[in-house]
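Just below sit the structures, each encoded as structure tokens.
Next come two complexes built around chain A: one with chain B, the other with chain C.
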Partner chain A sequence: MRFVWFLNFWGWSRESHRAGLLLRHPLEGIGGNWHEWFNSEATAVERAEIATVGSSEDFQRQFWEWLGRVWIPEAVHNDNRLALVFVGEEFARVAPFDGWTAFARHRRPFPAGVLAAVVLGGESEGTAEDVRPVDAILLPMERPVAGRAIVADGFRAETSELNGARESALQLLRGRAGWRLLMHWVATGRRPYPAWLNAVLNGGWLVVGALIAWLWLGPDPGERLRAMGAVLLGLWGGLVLVAIAVTGVQVFSARRAGRGGAEHLARDQIRLRLPGRFTLKGGSAGLPFALGILHAVSRAYPGSLGQSWVWRQFSDGLEKTDAAWAATGMTTASGQVQPVELPAKLRACLRDGKISNLITPVQRESGRGAVERLTTEMAERLQGEQATLPDKSDSPRRPLRIHRCRHVADAVLAVARLPNAAQIGANLLALVLSGVMVWALPDLGCIVFPPSAPVVVAPSSPSPYFLWVSLDTRRPDFFQVVLDSPVWANRRADIAPRKSQPASVRAEIRLVRLSEASVRNLEEGEVWIERRPCFLTRRFEPGEIVGRYTMNYLNRLRHE
Partner chain B sequence: MRTEAEIMKTEPTIEQLLRWRAAHAEAEAPPAPRAALLLELARPWWQRCPEKFAVLVAGFDEIQARFGHAMETDAGRGGSFPVPAVISRTNVETSLLADILFLHFRGRTLRLRFQLQPMPELPEPNLDVTFVATDSPRAMFSAPASLSPGGDYRLEIELSIEVAQAWAHLRVTDRMPFRFVLRPADEA
Partner chain C sequence: MNKLTPLPVVRSATFGSERRFGLAALLALGAALSVAMLAGCGDRAGAGAVTLYARPVSARDPRLLEIQAQVAGSLDGVHYKWFAVAGECNPQETTAPVTRFRFATAAKDDQITVDVLRHGKRIGRSSLDVRMAAVAAPAVPLNLKIEMIETPFAAKGGPDTRASIAGRIVGEPPPDSRVVIYARDDGVWFIQPTTNAKHSIASDGSWSSWTHSGTAYAILVVPSDFMPLRTLDSIPALRGDIFARAVIDGRPK
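Showing the complex of A and B:
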């Protein structure tokens, strides 16, 4: 066993921690612990073995691979992928690893972050140095350590100021803020469909709209009414089912992934890093810290947040090489983003030139007009400066896009590039059409599944001047009554619930005698009952005759 | 004017040169310190400058006022009781706390690592650490500490038998029986 000396060191760390000789978790202080062990505890044999490994780059690389493959899984008892990164960075600072080639890549002064915080230094009015990359690491702990759940690594900050970022990240993963994020996505966010499916679904909604318009306002479809109704109902039902299923599955998986991520976040230690030794005052880095923490969760545990398409979009959005993100804003524990001193920070981003997206609170200074004025002013000033100073930047300056957010959830959506104008339009169309469909659903149901033919029942009219046709139907509006008589004027009458006593669902036809009719039989004539489909406010032409009764029969029914 | 041949004749030997250098060194050397001065220099700094020591010890009261809550509750500091510390630089005294990260006895030898909270923006590479008793303004001993790559300070010192026995059972999570007066090594 070539690396038994490392196991001896790790065993010493764990035992010392258990015995109360070491304050911090062995992993948290691994660099310092190694320094102590190597200088005071390691035996001559162990030192010789370490020297042997250090003598060859191959051995060094084997040691590094062994750390990741064998030691880390046993040491941290979970699949945290940042633990090894942290160990590498800690070891790269102490002897003898600081001279090993295999650790050279961990020896960088500060890891390149994908997100920057705009933290003004001293009396700065906004310089490129104020744009500082944020790096967050989750360190697996066996149990939560009170007061050490979040620590500033390298800079100084009040723990209470950092805790706000942690709480808002937790809220977003498992609390009400998470629901806000998902509801915003449902309302405005693009969907995980391929482009062709998106086009098909949008086309489907347009067809639904066209069918509704035809049935409501277009020419009478006649015989094709039922088929059209069936197509409309089926298409709309299918689209709604797809929409509900897709959003439901995504919401469910995002919540489940969020809860998984929150469990890690609640247990692990968050180490926030900003370049430079300074004291952080004010909470304007709360928003970038919260976003950095969320990104750290997805980097440390790709199996948790990575399960969710929505959360994957957030990580991918940050890691895209064509977008450089910066953020500023105070966050409350519930995730609300509060205003900060903005103009100097805007100037810092404009001077930096590499930031292409800045997330800000919603405040007057982040409005389009204010930003454009500042951009113009800065462009003029920079032109003046560049005329006198050599341009040190090796990449072209990027236009700065401002994303105004009221909540951390809005910032996550912005980074994930989920808000989509076409999807908002499609959602609005679907919402309006679904509203109309819900309104028309009873009518459409009767068109596709016609109600059974009604039977004439009592009461009949107590007055000789009226003919009552009472029907036992729940859809009286879907039928009409026609009087066809050589004695009385032919009439069509709607059927409706009548509340006048005796109450019934009936058609009331006022009897008007024809002048040329003979008087030999006043009960000569028939009453037909016809189907008359309707759709919203429209009534179609009468259709199938479903009943035929003589006036004689109708008048013989009892009056009550 | 002397000729080149004359110069060559006067070339000194190595022995003569050494004698000449020793004579010059004796003439330029400062006078040997007196025994009283040597005794004075051998005394620890808190005995040489009792007024300054008293001022620094008074700084602990300020720490109690500023960090009293953090010192009394262990919940906010990862389960430990921080040690009050005063850094004494030229004309400037800064009050802060020190987390004891590692404490180990091997016989009478104490090995200690501590981290200053908040960490100074420009930490001193070497400090002279004076241990001051908590129950009285009494300096116990001092030891040099060096900054390690992780940002914490490390010291090693052999204690008297009495102190070693009294502290042998200390754990990093215990309330420490000492306070720190820290002085940059180059000013000590």
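Showing the complex of A and C:
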């Protein structure tokens, strides 16, 4: 074991913190603590061992690997991936690590964040320097540290101003804002299907629409009615099942991942970093801070938020190399995004030239017209500036796209590129078709699973001028009665629930004797019961005969 | 007062008198219905119900009945096989749910069964107990007369019309006799004012009721258990269960 000296340092650090000699948590103050220990507490033997490790890049790399593999899991007791990054950055600034080549990559002035906050400096009217990369790190604490749940690193700010961002991130992970995010995704967001499956599902909905249109308005399908009904019912049921299962699983997984992330966030210390060594005034960085915190959770604990496809889209969206994101906006604890002074910030992004996506609150200055005017004005001004100044930027200027958000949830959706016009169209189509299907479901059920053939029951008509055919069915609209007689005029009659006493489900046929009937038996005649399927407002042609009764039998049923 | 027209007695019930037919029919229907509940005819695959119903064919031959099956269920490809315990069904296999049954010599009771078949497979069965009716009793002259007290106008009838009718029985009707009224409309005698309506006779022989209008009216004096038909092509003549009859034209407006 060549790294006992480090364990000695860590033991000293913990004991000193426990004894109250070190105010900050050993991990939070690891850089300063090391400086203190190395310069005042380390023995000559330990210094010699450290020097040995530092003498070779190979040893240095072994030490770094040992830190990540052995020490960090024991020190932080969880799987926070950012703790090691933080330790590396802290050590890279103190001796002797500041001279070790293995720590060189941690020795950057400020980590390049994937998200920028547009924070105006002093009286600035919007310059490229106002676009500042935001970085956030979660440091695992053994227990929540009062008053230091969120700290500013590299700038000064009131804790209350930073807490808003933390609260809105927590709301988004485990509170009502999280539901807002997920419901918004369900309504407008693209789904985790591969393209071919998406096409199949959309095609399925179109087929459902076509079948509904045919059954409702098209030619009578005749004997194919049942098959068509079964296909429609099965297809719609399958599509609804897939939609519910997919959205349900994603919502459940996002909520579970969010709750897991929120637990870490509530326990860990958030270190927000913004370059410039300035004092932050106003809350316009609340939105980028909240987004940065959420990104930090997914980076620190990929096993929690990373389990959810929705949250993964957010992280991937931020980390995509072809999209540079900036944000500005005040956030409330509930996650609402409130207006800020915008034109100068827009100018800053346009001057910066690398930002391709800017998230702003919904306010007049972020409207398309206002942005276009400003863009045109800035383009003219920049042309003038570039004519006199050498162009220092390596990359070509990118068009700036504005994402207007009322809530942090909207910002997360925008970053994740979830809102999708095609999906909104598909959802609307599915919603309308499902509404029609729910309306038509009883009819469709009767087409696919025909109701039992009804039996004629009492009462018969108390009036001798009428023939009543009462049926014991709950779907009278699905049957029709036909009087077929050599004496009486043939009739087709609809069956309906009649409330006039005696109440029953029946067809009422007014008896009209044929003028040239030669039959003397007035009870000659039959009554046929026919199926007459219906679909919404349409009644199909009568189909299968499912009952035959004679008039004399019907006349003798009791009529009370 | 209108003059009553006597008619010859005609018993329409070869399946017993009307009163016996009604009782027997009810019993038979009850039995048939209970069996029919178990019958498997109908609903696409075959679930449904079969009810047997018997009616006399001719007044002159009480041994001959028409047996009808009342069928609920799919009728596609269905045919019927008829069975009797002692008598005979003719035809014994039909595509229509009807056959004729004749009692065996000296038999007064029997049981008729129908099997409902589709493609050689039985999908339903129903049975009906039948009893041969007594031959209609000859008319016993009672010398009853029907006098009209209030004769309705002669008018087109129908369910939306209404008029009053009243009369008096002259003579000694058997105790508990009733009056049955028919109104003629469109060539058909319709019972008045409702199906099965029988009106009581006061001690002084008077009776009254409301009725739908008609071009003519008929009044029958019958026993209390008489089962009148709701429509008639012609008014039956006097017979054992029709003690008196009168047919009158409606009063001119």
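Basically, the second predicted complex is superposed on the first by the 558 of 560 C-alpha atoms of A that agree within 3 Å, B and C clash if a C-alpha of one lies under 4 Å from a C-alpha of the other, contacts with A are read in each partner's own complex, and residues count from 1 in each chain.
Please note the rule applied: a residue touches a chain if its C-beta (ideal position, glycine included) is under 8 Å from a C-beta of that chain, and two chains touch if they have at least 3 such contacts.
Here the structure is a predicted model, which is why all the values come from computation and not from measurement.
Engineer: Consider chain A as the common anchor and indicate whether chain B and chain C clash or fit when overlaid.
Structural biologist: Here chain B and chain C can both sit on chain A without a clash.
Engineer: Which partner does A:332 contact after superposing on A: first (chain B), second (chain C), both, neither?
Structural biologist: neither
Engineer: Can A:522 be said to touch chain B (first), chain C (second), both, or neither?
Structural biologist: second
Engineer: Which touches a greater number of chain A residues, chain B or chain C?
Structural biologist: C
Engineer: With the two complexes superposed on chain A, say which partner A:434 touches: chain B (first), chain C (second), both, or neither.
Structural biologist: The answer is neither, since A:434 touches no partner chain.
Engineer: Touch test for A:547: chain B only (first), chain C only (second), both, or neither?
Structural biologist: The answer is second: A:547 touches chain C but not chain B.
Engineer: Go through the superposed model and pick first if A:466 touches only chain B, second if only chain C, both, or neither.
Structural biologist: In the superposition, A:466 touches chain C alone.
Engineer: Using only CA atoms and the superposition described at the top, report the least gap between chain B and chain C in Å.
Structural biologist: So the smallest C-alpha gap separating chain B from chain C comes to 78 Å.
Engineer: Please identify the positions on chain A that touch both chain B and chain C, taking each partner from its own complex.
Structural biologist: Common interface on chain A, chain B vs chain C: nothing in common.
Engineer: So in the complex, which bits of chain A are touching chain B?
Structural biologist: Residues of chain A touching chain B: 16, 19-24, 29, 31-33, 35-36, 40, 90, 93-94, 98, 145-148, 156, 159, 277-279.
Engineer: Contact residues on chain A for chain C in the complex?
Structural biologist: 450-456, 460-466, 510-513, 515, 520-523, 529, 544-550, 552-553, 555-556, 559
Engineer: If we count contacts the way the header does, which residues on chain C are in touch with chain A in the complex?
Structural biologist: These residues of chain C touch chain A: 25, 42-44, 47-49, 51, 53, 55, 68-76, 97-98, 158-159, 185-188, 190-192, 194-196, 212, 229-234.
Engineer: Spell out the residues on chain B that touch chain A in their complex, using ranges where they run on.
Structural biologist: 75-80, 99-104, 111, 113, 118-119, 121-122, 148-150, 152, 154, 156, 171-174
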